[in-house]
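Working notes, structure below.
Chains here go by letter, A, B, C and D, matching the order in which they are written, and residues are numbered from 1 within each.
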């Protein structure tokens, strides 16, 4: 899933303060699951902004709505009924949702309320960790199911580097050394011989290397 | 059969113990700072490593400093990290270096920007150090760029890489070296050795696999200046293995004698390492202590340096 | 300002703090009338939004009172509530209202004295902080509570 | 014999301690009427004196006692405190008891426990909110039972003034002793016991040296509300002790005059608890030493408790019974310190060690009062005053229809007391008329009015609780003021709100004014919600259309010094209530239709006994047995310690089970699958040699799968013919006495395969088996040499006497240490055994022609694991089923509708298994009494349209109830939801609401407070 984190209140207050009537839009997809921009976070942010502007003595109205998914135009269409009564839109979706609203409502300022972080998995309640870098050429089959690109701080294809200490990364002892994980998995799989096969330099064109990407399924499109 | 014209290669091929040291470029544009440091190493080492934005702090470019050192008649060794350059920049750098007669280099991944003075910098890591070795070897031996195009005048680089025998997982350290050997590395400079027992264990693994016959291994040596430095190395530098008894020993002498004790300890280490099978020489990293390198090399009985 | 009577909302869990409040009553322990209790089955039920809305609607201070650590009748509601209170404190600091206006307290059902003392101390603290700045400035604010 | 339908439906229970309360609750919940009589003015019994109880180190009474006053149950329980039995006539099914009640001088119907009298006349008011002398943290439930005061008229100087202070007019100085005749079908005696006669403890200087205290006194010192405020200080000088010793068996296990020859059973565990609590609270600087003869930690997981005390808490153990305690003198005066003198096993010189404080672990004895009671009832007692009961009928006294439980039966701890209480309830229930129409008393309500489509019509009723509310604020004025709120139709002051008149008035107005929301301004909803809910129900309104505003406990009581503030706050609180009541909506208590059939898994004595008890009560039982015959392990036992014939008993029980019209026995049957909830289970069973599959639908499940007879391959067992288990020997003595008689020298080794790492718990039966068999061998051949090598001889209660008898007959008992186990080698037809003789202190070798190993039980891991997986039930680390609460719910499993009994719970004797089987039958009947199971209405509800299936509820629920269903959204089973609301406040999609505490309702309260009521 895509993970995100709410921006600081200071930044949000700054970006909405030019406006009097705000449409705050949540998304019931990834950002709900990672507790960044679902209905609950929308209500909480709304409450916090109102409280702040009450303190400032500034007239401020806020309308809350949470869409099923902000990255699909059909759902975004539901905003039509509310858009005119708002001076600006604050979206709590990932960057995809923000852009979709901006694309649909060209005349309306649309601002992000969250920072889109990464594609990750939920390690446990309240903890999400990066798992995939979207490189477009998956090597997980060779690396024991642990991605060296997303999970090694230096994205080494032939790690580990000399900073691996007790299974942890030199950058931060909270980070697992991806190559330690890879090695452990290869051992468990009885595939240690794979390790000494040098992985060639990666062709980054499948990733961001060749500009923005698009998937077209001929049979569906 | 020599692969390059590198003096370092010649010394190593002759079976004599090689000695290298390093020179960190200045954090400024003053050429004399480079020259000052390099001058101290004249005649006592076979090649001078020039670090590449070491610890992710901006310094004068390694290539520029190498050129200055080359112009002094010394043998520079170009260090290059994959952190700061993509494959295009790295290859052009190699070509440029060789055009100045610089024929030794060391391929590294580099410290993470997180530790440096530009923690917000993007770490490139287009390729990793193993792939860098592979790339430079291909440039030299096949005369081809990494992308497969022909090179007009291939650089004949003597290719080195680093190894840390003390990092985790230990069982992987020999295998990781084997990967570099497979990639075509010519020599290895190791991380500073304080835990000689563990280093010997690692070397045994190298010897058992016959890797020492395919690559020259220069043992990394860093003299301790003080007990403070010893503690710092133990606790703060990732992948460093400093046994407690060493700290106890240097801490056991008065402050004014600690530097001398540090040098003594490093000399003892060199003596012991001389007897370890597979050790082809020493890489003395006397950080901001270049003026003591000569003394160390001399007291270690490694002078005079051979000439070719 | 001298006559400022803060409005305090206290979310109290049924099994401990609410019962402690009853105990305080049956022992005739005095605490300020500023404190109004909202009963919840467990402080695990009190979300950040409840605390924020209490302030937005006009409270000068909010506290959550649950069972002693390890004594939650629903195992872990009180520790969750404590984490949410910490979160709301940060949020309030960020928007300039001040995190000290919310607090978490723990007590067992028998601790009538603790309930009364907590209510008094918290009320005094809020009194010294002055009115909720949002309430003072809000032009839309009406009613006696303002 | 009488027809059961002519029998009374009432049980008289004497004694309101833990046992009596448990039995009363079981019976009441099963729809039986109970008269619970206690001579004290509030119930609770001995347990109210304890600080905390083992092994949870928690306060437990607080969790049990308030349930007596829960709605519905109280309709069935007639609680008579300050009451004693004068005499009993009649017999089973038709007892008539004469009761006298001492005057309380307080009318329980009127007393609101406001405390006015206590505040003004503390000297003459007895106030025990159950637990007044306990730590305040323990007073979780101030509604002691009864929640009322009692007046000590003799201590009262100014009676008139006292009467005047009571706002409720509840004090009646003319109260007289009253008599009452109660008819009952059965009687349960649970009068408890007294502790050891303290005057006998003078050899230990009790009463002479201030720092020698009894264990109960020590509990008081540890208690936060005790005389020292929870500071551990010694009585003589208030200094903190550094070295505390416990002396076990103070007054028990002694043949000295006045002392108890039996074992008091609970003391080892409570001494451990006290030592551990002491170490826990003062770890760094306090030493704890326990002087003991045998550590009798034979209960479930008690062995682990002992290990924890030893290894984790560093409690020191000295195996010795000290002979004296002497004061330490310095400069001719006593320092308060004490010297304990004792002999170690095999030691030639007495040892002396100095301690700061000594705790005497006192035991139990039966008081003369109880003996007199027994005499009045014609119940036979043994020589020590305990009720005589039968081996295979553990709670039946000598008199039919009268049952004994708890300490009165024999010394025991709380879990065993509760098991026996359940057993007694089961037996008593069997003596009553058959199941009557259930809930006739409760379900007398008109059909509920459909309020959908009605405009909101709010009724506000403000109680003045006499002066409690009305004396501080102007209730009438407030009510008039509230009338102006939108949608409020009625708003009035109603005087004393919970009086019958007022309740009827409210009911009338609801009907007359078509009210559909009700706000009551009164006291705490914690205590009175049920009362007002009933009023709504009587008025045909859903009981959840109600909001109770706590004006008394949280306003007028607290702010009686500032009436103006109290008035403002009262108004605000009422506004909050009105705001919230608008958003209430009719809710249904979640109920499940009750399938009343019973599945019993395991056809041993426990399973059969439970099955027969329930079948006798009219329930249909499926009895599933894995093997091809009923009887289980008991088939291998010939005689009990007391000499009863086990096989005869088993044979009768098997016949009853197999021929009972309500029991269907399925042999060679294995449980293979299971679904559903309590009251509607479906369990798949494969039956017979062909493993035919069939599905059983049932309401509850009883697990009585037993344990395995342990036969560890140790000490030549199985490879040398002279090596037997106790079971082998039991059979040999019975079947071939001449062979048994020929055994000239026998060595028995205890704890073979028990209390070891692989099987950590005590097997409980082995000590008595060894003593039993030793006695029988001695009977056959008085010259036989018998040595019993043991770790701790665990002969609780009256069993101790058999142990004493065996020693008298010359059986040698010698302790060994686990680190120094006896060594065994074959010696031709004999067995050579080497062990360390504790008296000589060196290795001794003996050659014996019978080596008997006490091998005990081992959990049937395979079965409990399979069943644990199929039924989703937890197990202990050594493979027994894990009950819901070791102390309070010993036979209930954590999942509703599941019960466990017998050796599947933990190793136990046949007698204890029977008691558990009866207890389970009793618990089962409480469950099966209703036609539906009420799960309440405060449950989390998921809006599937909003749910993002994020798993946050699944992960955050403390009970693991939510799951993502096949449609891809969260589902919360209302029957399993505990109603804490954690999921609702964590749900990032706001897809979950906790009924009765919806977010909107909470916000409406806030709006009400800030006068934004719409």
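Before moving on, here are some points about what is shown:
To be clear about the criterion, a residue touches a chain if its C-beta (ideal position, glycine included) is under 8 Å from a C-beta of that chain, and two chains touch if they have at least 3 such contacts.
Because the structure is a prediction, the values reported are computed rather than measured.
Counted by C-beta pairs in contact, the busier of A-D and A-C is A-C. Ranked by distance of CA centroids from chain B, the top chain is D.
Put simply, the C-alpha centre of chain B and that of chain C have 63 angstrom between them. Chain geometry summary: the mean Cα position of chain B and that of chain D are 74 Å apart. If each chain is reduced to the centroid of its CA atoms, chain A and chain D end up 53 Å from each other. We define each chain's centre as the mean of its Cα atoms; on that basis chain A and chain C are separated by 35 Å. Of all residues in chain C, those that touch two or more other chains are 47, 49, 53. Multi-chain contact residues of chain A (touching two or more other chains) are listed as 40, 43.
Of all possible chain pairs, those that touch are A-B, A-C, A-D, C-D.
Residues 946, 948-952, 955-956, 987-991 of chain D are the ones touching chain A in the complex. Those residues of chain A whose C-beta lies close enough to touch chain B in the complex are 153-167, 170-172, 177, 179-180, 183, 195-196, 198-202, 204. If you check the complex, the residues on chain C that touch chain D are 7, 9, 14-16, 18-19, 21-33, 36-42, 44-47, 49-50, 53-54, 57-59, 68, 73-77, 80, 84, 108-113, 116, 142-145.
If you check the complex, the residues on chain D that touch chain C are 113-115, 119, 135-142, 524-526, 550, 552-555, 557-562, 565-566, 568-569, 572-573, 576, 938, 956, 958-959, 978-982, 984-986, 994, 997, 999, 1002-1003, 1005-1007, 1009-1012.
Taken in their complex, chain A has these residues touching chain D: 28-29, 32-33, 35, 38-41, 43, 66, 122, 124-125.
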